[in-house]
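Below are two complexes that have chain A in common, paired first with chain B and then with chain C.
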Partner chain A sequence: MVRFKNRYVLCEVLSDDPRCRQCIEDRAVGLAVRDAIARVHGDYGLACCSISFTVKYLNAYTGTVLLRCRKDSYRLLCSALPFVRHLESRAQRYPCALNTLHVGGTIRTCQKFLIEYNRRQLLILLQNCTNEEERQCIQKSLLSCSLTEEQSQSGDEDDDGTE
Partner chain B sequence: RRELPDGGARPNAAQFKQLVVSALRELHGEVGAALPVDVLTYEEKTLSAILRVISSGFVKLWSALTLLGFYQNRRCAFRVLQTSPFLLALAGNSRELVL
Partner chain C sequence: QTILVVCFSVGYSAVALNHVIDFKEKKQEISKPVSPSELFPSLPIVQGTSKRIKVLTRLTLVVSDPSHCNLLRSTSANIRLYDIIAVFPKTEKLFHIACTTLDVDLVCINVTEKLPFYFRRPPVNMAIDRGIYFELLYTPAIKDSTMRRYTISNAISLMQICKGKNIVISSAAERALELRGPYDVANLGLLFGLSESEAKAAVSTNCRAAMLHGETRKTACGVVYTVKKPRKVEEEETTVPACKKAKTQA
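Our next item is the complex of A and B:
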């Protein structure tokens, strides 16, 4: 009853510039999001959302970011995410956009969603890839991911899926 | 009605509205600045005005006006004299009505 409830927002960093991948860091993304909240919602919004705001997980290769905030102010955060336009790090600015994938109450639900989402993305990539080598590569990774998913949370689902 | 005490130059109606919108922008960001606020009347002599705002933005407006401290680098304060959902109620205080 007296627990602090958090919301975890899963987003994806989209960018045209290939060099942007290198500068995706937790501090840079955190600062960019806080700056956007300050612009859109002012001092009150910034203070409200920064109570328990952190970047929990970051994957520079896929551009996946997991943010945490309080349950009372997650709507302010989600409405300010489209206003993030640049990522700054090491005195370089790269234009980018944040796409919200999922909002969950725990890290575990977000992880489950991310696993399913990545699986679907691999299938889409398989359809879109033009090179034969890429095709074989992706097919191999698809087969390997469906057979060897042995994490305890998603073990049962995979057994049902691959049987 | 709002009243603000001041030292020197007095704002005119447009500057008053600009002041209100900038207070909203500081506290509530672009969302606050986009709140539809109307200045219905403004008296430059007494520096008092009647503002109209949508009821969902009432709390934001009042909090932004309370926390506004400076106008052109001089201290100022907003004092809210009366609030009401009806314009006619601002004309008089019904408690002091003598029948």
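Our next item is the complex of A and C:
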């Protein structure tokens, strides 16, 4: 059976400017990544990677981004991700950095990884938090995160080949 | 200090702080390194494991003259305090000397301008045998486009000579945003011409082996041969088997 195979790259946006979190949106991130690919790999790289390139999932609170690309060109994409320096939106430029967390073949594997990663982050936050009610809040969310609850949010497993 | 915090959150387990000593000025005193406990009252824990993060100190000597190398042989107490010693040769002769006879752990390869000399195979092979690692920086590549070209061309010419062994990729980040996570740095290694496994090794096992090389250089100053009489002949040397042990362990 011939089917298009994709790779899903999970990244995290790091920045020191708190206003940057508000302007994380899918078009801005997509443009920034395409611009980085064009700078590093030129026209050929940009054309290769943009065959099936979209931003599948975005979480502005934690700065998590899920990108999709073809399996043949995911190396070009991954090697160009360190070169993303700015995010632009609404005529504002914010310096930022992208940190790759996980590369998976389906959205579900990336989702599983993200849940584990968030759980670890919550544990670290739990160690650092000083307020008692914050502590209880975090503990409650730790106990309640699981795969079945999230399934309604994120979408299908992988694409059908009609791209 | 914020850079260190970002390092830890991104997932590095050991960080080395670099002091650069340049010999163009008249008299340079090598200052004592800043001890890491001054920066952090308690070192945070690595994500994912339960060990504390190691912060090491590192000295880089920019040498453009053979007389500068005498400083390494001097028994100045301050040099002993640094965990890792790196040398940045500017001429071919110095590169040869650094690979063959100098007592260093890392040889920095210039990435910010066109190399004035070509690499030759004999000194590179001798450096690999001695357990010395070649270091490439990646932060200039992120900042500037012309530096990116020089970085890639110098890195690829190094790869062609040393076949991807003994490479360490490190950042010379001055701000927290110029740092990249270990997975991203391994992907940058792919751009430099390394294969996938070599690129991952350049970030993890080679760095570890360089750290161990530095430790053995600090602690052992001589060659000790111990011979067990009936069957086994066991020999202990200063630098080489420690690196081999590190490569098989890590």
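As a convention for this text, the second predicted complex is superposed on the first by the 142 of 163 C-alpha atoms of A that agree within 3 Å, B and C clash if a C-alpha of one lies under 4 Å from a C-alpha of the other, contacts with A are read in each partner's own complex, and residues count from 1 in each chain.
In this section, contacts are C-beta pairs under 8 Å (C-beta built on N, C-alpha and C of every residue); 3 or more make two chains touch, one makes a residue touch a chain.
What you are looking at is a predicted structure, and each value in this text was computed from that prediction instead of being measured.
Undergrad: Is A:Asn99 contacted by the first partner chain B, the second partner chain C, both or neither?
TA: A:Asn99 sits against chain C, while chain B stays out of touch.
Undergrad: Touching A:Asp16, do we find chain B (first), chain C (second), both, or neither?
TA: Only chain C; A:Asp16 stays clear of chain B.
Undergrad: Between chain B and chain C, whom does A:Leu122 touch in the aligned arrangement: first, second, both, or neither?
TA: neither
Undergrad: Where does A:Gly45 make contact in the superposed view: on chain B (first), on chain C (second), on both, or on neither?
TA: Only chain B is touched by A:Gly45; chain C is not.
Undergrad: Mind working out whether A:Leu81 is in touch with chain B, chain C, both or neither, as first, second, both or neither?
TA: The second partner, chain C, only.
Undergrad: Give one of first, second, both or neither to describe whether A:Val55 is in contact with chain B, with chain C, with both, or with none.
TA: A:Val55 contacts neither chain B nor chain C.
Undergrad: In the three-chain superposition, say which chain, chain B or chain C, touches more residues of chain A.
TA: Ranking chain B and chain C by residues of chain A touched puts C first.
Undergrad: So chain A touches chain B in one structure and chain C in the other; where do those two contact lists coincide?
TA: Touching chain B and chain C on chain A: residues 39-40, 79.
Undergrad: How about chain C: which of its residues touch chain A in the complex?
TA: 2, 6, 10, 47-48, 138, 141-142, 145, 148, 176-181, 183-185, 187-188, 190-191
Undergrad: Within the complex, which stretch of chain A touches chain B?
TA: The touching residues are 37-45, 79.
Undergrad: Touching residues of chain B toward chain A in the complex: what are they?
TA: Those residues of chain B that touch chain A are 24-32, 63.
Undergrad: Provide the residue numbers of chain A that touch chain C in the complex, in ascending order.
TA: Residues in contact with chain C: 14-16, 39-40, 75, 78-79, 81-83, 85, 95-101, 120, 124.
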